[in-house]
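Before we start, here is the structure in question, set down as structure tokens.
As written, the chain order gives the labels A, B, C and D, with residue 1 at the start of each chain.
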Amino acid sequence: MTEKTETVPGWLAPEELESIRGRMPILYIDAVPVRVDETGVVTHVGLLLRISSDGEVSRALVSGRVRHHERVRDALMRHLEKDLGPVALPNIPISPQPFTVAEYFPTPGVTPYHDPRQHAVSLAYIVPVSGDCRPRQDALDLVWFTPEEASSPMVQQEMAGGQGVLLKQALAHVGRLT
Amino acid sequence: MTEKTETVPGWLAPEELESIRGRMPILYIDAVPVRVDETGVVTHVGLLLRISSDGEVSRALVSGRVRHHERVRDALMRHLEKDLGPVALPNIPISPQPFTVAEYFPTPGVTPYHDPRQHAVSLAYIVPVSGDCRPRQDALDLVWFTPEEASSPMVQQEMAGGQGVLLKQALAHVGRLT
Amino acid sequence: MTEKTETVPGWLAPEELESIRGRMPILYIDAVPVRVDETGVVTHVGLLLRISSDGEVSRALVSGRVRHHERVRDALMRHLEKDLGPVALPNIPISPQPFTVAEYFPTPGVTPYHDPRQHAVSLAYIVPVSGDCRPRQDALDLVWFTPEEASSPMVQQEMAGGQGVLLKQALAHVGRLT
Amino acid sequence: MTEKTETVPGWLAPEELESIRGRMPILYIDAVPVRVDETGVVTHVGLLLRISSDGEVSRALVSGRVRHHERVRDALMRHLEKDLGPVALPNIPISPQPFTVAEYFPTPGVTPYHDPRQHAVSLAYIVPVSGDCRPRQDALDLVWFTPEEASSPMVQQEMAGGQGVLLKQALAHVGRLT
């Protein structure tokens, strides 16, 4: 394990991550994949679809940890490729300024965001993708919603940990929350 | 003239524009064309090159008026196409939020921006372009500079009306002003 | 009238304004007055209350035109003082960057914002006020709402021209839209 | 030590912090204290003055770690109070959106920011302070500079780790970098 930690910078053994959680805020990114028209108007928002072992449907943003010695924009690239596949062609934002910072607390109610495992602080970005999205890993599918659908109660209630709120903030930022 | 005004929305006869200038702030857009790498880092900034009748070189951002009944993003598209040609493939920003607002005053010194003809208030955006740029109209050329070159005294002194300052603000916004 | 126009810069005779509307986008500001706690969290949003001659209640943001040769921050100050009185003690934003740009079109449906009189482009800011608010002019009252109340259907339907949408965008920007 | 960690949430024993550094990006905040005039224009920037044991002068922003289970805005308050004293009266930003994110890498040159001890990712905010500043801890003094002075080579070269660049970005964001 020690070797691995040395040779793969930013890689943490599971038990190490476990021991750090609960002691430090963990840096995350959240990415909201969007489709845009030629004038830059957001026409669709992409949400990952997951189905739990007991059949419950949930929808999620692209999300993940920033590694040691990894730039935020490289973490964005890595998680987008991991979740949307290698030909999604994301346009990584040119500014490091996130549209908001989502503070996921292990205690519910401190902020609108909640993560029972840890205190995660997530830099949130909106990322236009122009290529083909082929979800991998544990996601079944990526489904595109119009802004109206994405902020509807139906979709909102399928999102956990406050990601529905984060999605509405993203829509507001691009002028598409009505 | 009256007919023209009616059939081409937002079109103003030159004498009408003249009469309005001096009475109202005129709404403008400024666009900073940039090249980015695949992780979104700005690698180059594009500046229009103009040579005056007495041989003086000046460099400028893409800039122009917003017409009546024209969305800001359509004004951006129109001025980018006018100045960079039809195949520049600009990525119009997804958010209407400009990175700054440049207030050009007819009186120098009120703000860092100055326009002797008018009080122009300009919404400033950074626009990645991925296609071929072929300047048209009165520009001789579009020249790409590295962020370091763009903020150098040599380039800065070739920019008029405070656009050099605006360019440095754009570089700061994308984390490329050093 | 002509004299007045000359002596008060930026002042427009009503018939002049009328003639310009319909030819040019008119530059506006919108301000969302808020109360904050000591850590900067927005606790309340202030809305102006107006009652029309036929008894209809409407609620509005602080809003108004930017004059010729007036800085945007001076226009903010002037409209806030006009609507909230002289001891509201507003904290004018330090950055000229608005949280969004609201494009009010005379034609409904082009954007979420609508103004039948004109094409107004409004720079929107959130302004903490710490003093006493005493609405003047045509407003009856300034009423403070919690973020939850401000985004509720009841308050939203009392706002015209898309200002309810703008208010929700403001709440999203400060992390208070749930 | 274990007891302390349990009773003071977010408190880390020095050896624990040491062991985490080098494995994870550590979340920081940077605050740029400013004085503003009544229209919100930044007139001065406050920099902490430190003199090392060998007499070298350095100037620094307010900066520090975000603790476990601490909101970013509470971390801002805590570090501002620690560095500027209890009556500085900071106006904590209403939006969680930082003006930029400074990524301090242990390896120089990856970004403009450098911290030999660790990979720190810092959310950077501009904070108007209206009260009396009385630096405490290891800072000798807080000195107020005009924007012109703050971006001058003399002040810039007294700042370490890229904080001079961050300061210029802050000035650009408020329209005060010329």
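Here is the rule we use: a residue touches a chain if its C-beta (ideal position, glycine included) is under 8 Å from a C-beta of that chain, and two chains touch if they have at least 3 such contacts.
Everything quoted here is computed from the prediction, not taken from an experiment.
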item: Chains touching both subunit A and subunit B, listed by label; value: C, D
item: Which of B-C and C-D has more C-beta pairs touching across its chains; value: B-C
item: Candidate from A-D, A-C or A-B with the same interface as B-D, over half of contact pairs in common; value: A-C
item: Subunit C-subunit D separation of Cα centroids, rounded to whole Å; value: 34
item: Rounded Å distance between subunit B and subunit C, as computed from the means of their C-alpha atoms; value: 28
item: Junction residues of subunit C, two or more chains touched; value: 71, 95-97, 99-100, 111, 173, 175
item: Contact set on subunit A toward subunit D in their complex; value: 5, 12, 16, 20, 22-27, 66-72, 95-101, 103, 105-107, 110-111, 119, 121, 123
item: Subunit C-facing residues of subunit D, complex; value: 34, 36, 38-42, 71, 73-74, 77, 91-97, 99, 126, 128, 173-175
item: Footprint of subunit D on subunit B - complex, ascending; value: 100, 111-112, 165, 168-169, 171-173, 175, 177-178
